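Shared chain: chain A. Partners: chain B in the first complex, chain C in the second.
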Partner chain A sequence: MKIVHKKYILLFALTIMFAATSQAQIAKAEIQATGLTCSMCSNAINKQLKSLAEVENVEIDLNTNTFTVTLKENNSLKPSVFKENVEKAGFFIGSLILTVKPETIAKEPYILLDGKEKQANEILIQVLDKGYVTNKTFKKLSKSYKNSLTFNNNDETDFHIKVLN
Partner chain B sequence: MNIKINLLAFLLLIFSINANAQIKVGDRLPSLELLNTSSEKINVNQFKDKFVLIDFWASWCAPCRLGNKKLVKLHAELNPAKIEIIGISIDTDPNKWIKAIAKDKITFLQLIDPNGFDAKSALLFGVEELSSKYLFDEKGILIMKNPTEEEIINLIK
Partner chain C sequence: MKKYLLLFTVLICQKSIGQELFLLTDPASNVPANSLAVNILQSAFEREMTSGYMYGIMPEVTYGLNRNLMFRASAFVSNRNNEMVAEGGNFLAKYRFYSQDDLNSHFRLAAFGRYSFNNAPIHQEQIEIMGQNSGFETGIVATKLIKKLAISSTISFEKAFDNTPNNSFPDNFGNNATNYTLSFGKLMYPKKYTSLKQTNINLMVEFIGQTINENGKSYLDVIPVVQFIFNSQARLDLAYRREIMSSMVRSAPNGVYLNLYYTFFNVVK
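And then the complex of A and B:
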């Protein structure tokens, strides 16, 4: 029993270390949702987001129609989790802005399209891919970034980003 | 060990039933006390022998504001001795609520439960989206969720 216990502790410690050093980490997500009906008039998105184990808190700003999702530390969520859950609730993402550590976006699956990499404690990035902006915005973006080798491939496993701060 | 797991499962089940408690057609209008615009306590079940239409809304909900205009008209058309229309706002800012009432020229009873979708009345009624309407008959039994204007007029005639 004791040995098993030790193994678990070791595994736990390794997991934490691994998570802290190598996982892409998102601290916060600001989501604006769109749909046929008023997204703030439904409790569905809020409920769906709160059902995720990695979610610490969801705040709703009724002036900007934004859901601010605070995530637990050392999570390994990808931006796609927000798209999937907002769509599960019956809505679409109109805009997704993430607060991340600078090292997060320096590697896959993030591709920097606009803005400069910064050495700040936290940086704000917007995901520009299809399904993460409104259709109208996406059309504009695909023209603006027509020279990008990957943007218009609509590969769902990579995320094209713009650094906002 | 097994008993513990069973007990846990049982408690979880009970909890989930409670968490999803919401009013169904055929259920009785519960006792629910909320404040009106003059900060007086009003119980939604104090209106005996008349229909009660409860409308959940909020000042920031655009579809609700359009709905308010329709309800104001409906309220003017119906005999007030036969139906009580009650608006319950889940606005967290009472000032915005008061302003919206004035702007929409609402004359029917307005109550506030200022906690958004976590408001106890919203949980009690199982409100998952705004607006949500609940129509109770003269005996205080829920007969319809989200009735149309025509359905209300036909019933109250």
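And then the complex of A and C:
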């Protein structure tokens, strides 16, 4: 009985682990960077993103400074990795839109602020926290979400999101 | 001449797509973290007191430690005394302490300090720790990018020491100065980006001035620059430096620059 019980616990733990790795992933990130207009600056961001092992490919629209980052499967990246790397290149994030599975945002560190949870295969979410939107946008958002218990705490470990599709 | 320079400045300011990778006046932005940039700045300046040209070679290495802090080391080689000899070096640290970025625009502030050593004889009242004097310089840079037009300005304090080991700074010269710069930059080509491989052409104009604090002697120079960027990684700058006004003794104020620049990204894995 005891052995069976332990086996179940192990199985349960493994299931959770696998579920966590397969569900927490981000498939794609669309980053709009701010504060730059030169292709050498864009290239700095490009090289910084490509240095990440989890990155499969980076496509750049130089005219809008938008970087579409395709990520490898089963990665466990958090939105903060994009912020850190854009800032390392010397710039900032103006908007970050992620393509994720519905399960990903159903739990921590994501907090749904706007839009409804959907059961589509892939959903688009925008991260609304400070450092993931322009300063002007953030000021507006903090007024709109002043009733949120967590949004204005600026806790860097959680991510407030809006479902776009 | 002055008319053309004015026209050049107006031209750059009107069309509002800008760059801030200036040749002589560093912007408030730094090189990317964990990148290493190497460049060789060559110059040929017409001698005022004797005939001929003074050639200079300045190799530089720039490293971005993190997003806010960068370091640079420079060496000075010139034929001031007829043979090409290494005369000194400079260390620079620049810290970006304020950034207000928006889509296609930013306002940034940085503080910098540099220290130089030099062994050359001192022939001029102008204080120039980038190649002529031992000494230090410390100051603040503000760079604004408005709708893609880059404007950058610096104010700094510069002090000269005796040149090591036995060329002392003349007693009758003022040994400290206030420096000021104002720079404008514009992207001429391409009008629309298609890829990172595209060659970019930038036009810039930089103004550099100095006032010796003790006696008020001053100069003001203008430096128009044409810049080519290849493969979003390499740079070639061609520039001409011209004295607009001066009330001090300078050994070689007018000349040309050629700068080659290359960036290595993600140097430490």
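As a convention for this text, the second predicted complex is superposed on the first by the 133 of 165 C-alpha atoms of A that agree within 3 Å, B and C clash if a C-alpha of one lies under 4 Å from a C-alpha of the other, contacts with A are read in each partner's own complex, and residues count from 1 in each chain.
Definition applied: contacts are C-beta pairs under 8 Å (C-beta built on N, C-alpha and C of every residue); 3 or more make two chains touch, one makes a residue touch a chain.
Keep in mind it's a predicted model, so treat the numbers as computed, not measured.
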Next on the checklist: For A:91 in the superposed arrangement: first (chain B), second (chain C), both or neither?
Outcome noted: second
Next on the checklist: By the touch definition at the top of the document, which applies to A:135: first (chain B), second (chain C), both, or neither?
Outcome noted: second
Item to check | Which of chain B and chain C A:48 touches, first, second, both or neither | outcome: second
Checklist entry - In the superposed arrangement, which partner chain does A:148 touch: chain B (first), chain C (second), both, or neither? => result neither
Item to check | First (chain B), second (chain C), both or neither touched by A:38 | outcome: both
Next on the checklist: Taking the superposition on A as described, I'd like to know which of chain B and chain C A:62 touches: first, second, both or neither.
Outcome noted: both
Checklist entry - Which partner, once the models are overlaid, touches more of chain A's residues, chain C or chain B? => result C
Item to check | Contacts on chain A seen with chain B and repeated with chain C across the two complexes | outcome: 37-38, 40, 42-44, 46-47, 60, 62
Checklist entry - Touching chain A in the complex: which residues of chain C? => result 17-21, 29-35, 64, 66-67, 99-106, 108, 145, 148, 187, 192-196, 198, 200, 229, 232-233, 235, 263, 265-266, 269
Next on the checklist: Taking the touch rule as given, give the residues of chain A at its contact with chain C in the complex, in rising order.
Outcome noted: 32, 34-40, 42-44, 46-48, 51, 60, 62-63, 65, 87-92, 94, 134-136
Item to check | Interfacial residue positions of chain A with respect to chain B in the complex | outcome: 37-38, 40-44, 46-47, 60, 62
Item to check | Of chain B, residues touching chain A in the complex | outcome: 58, 60-64, 116-117, 127-131
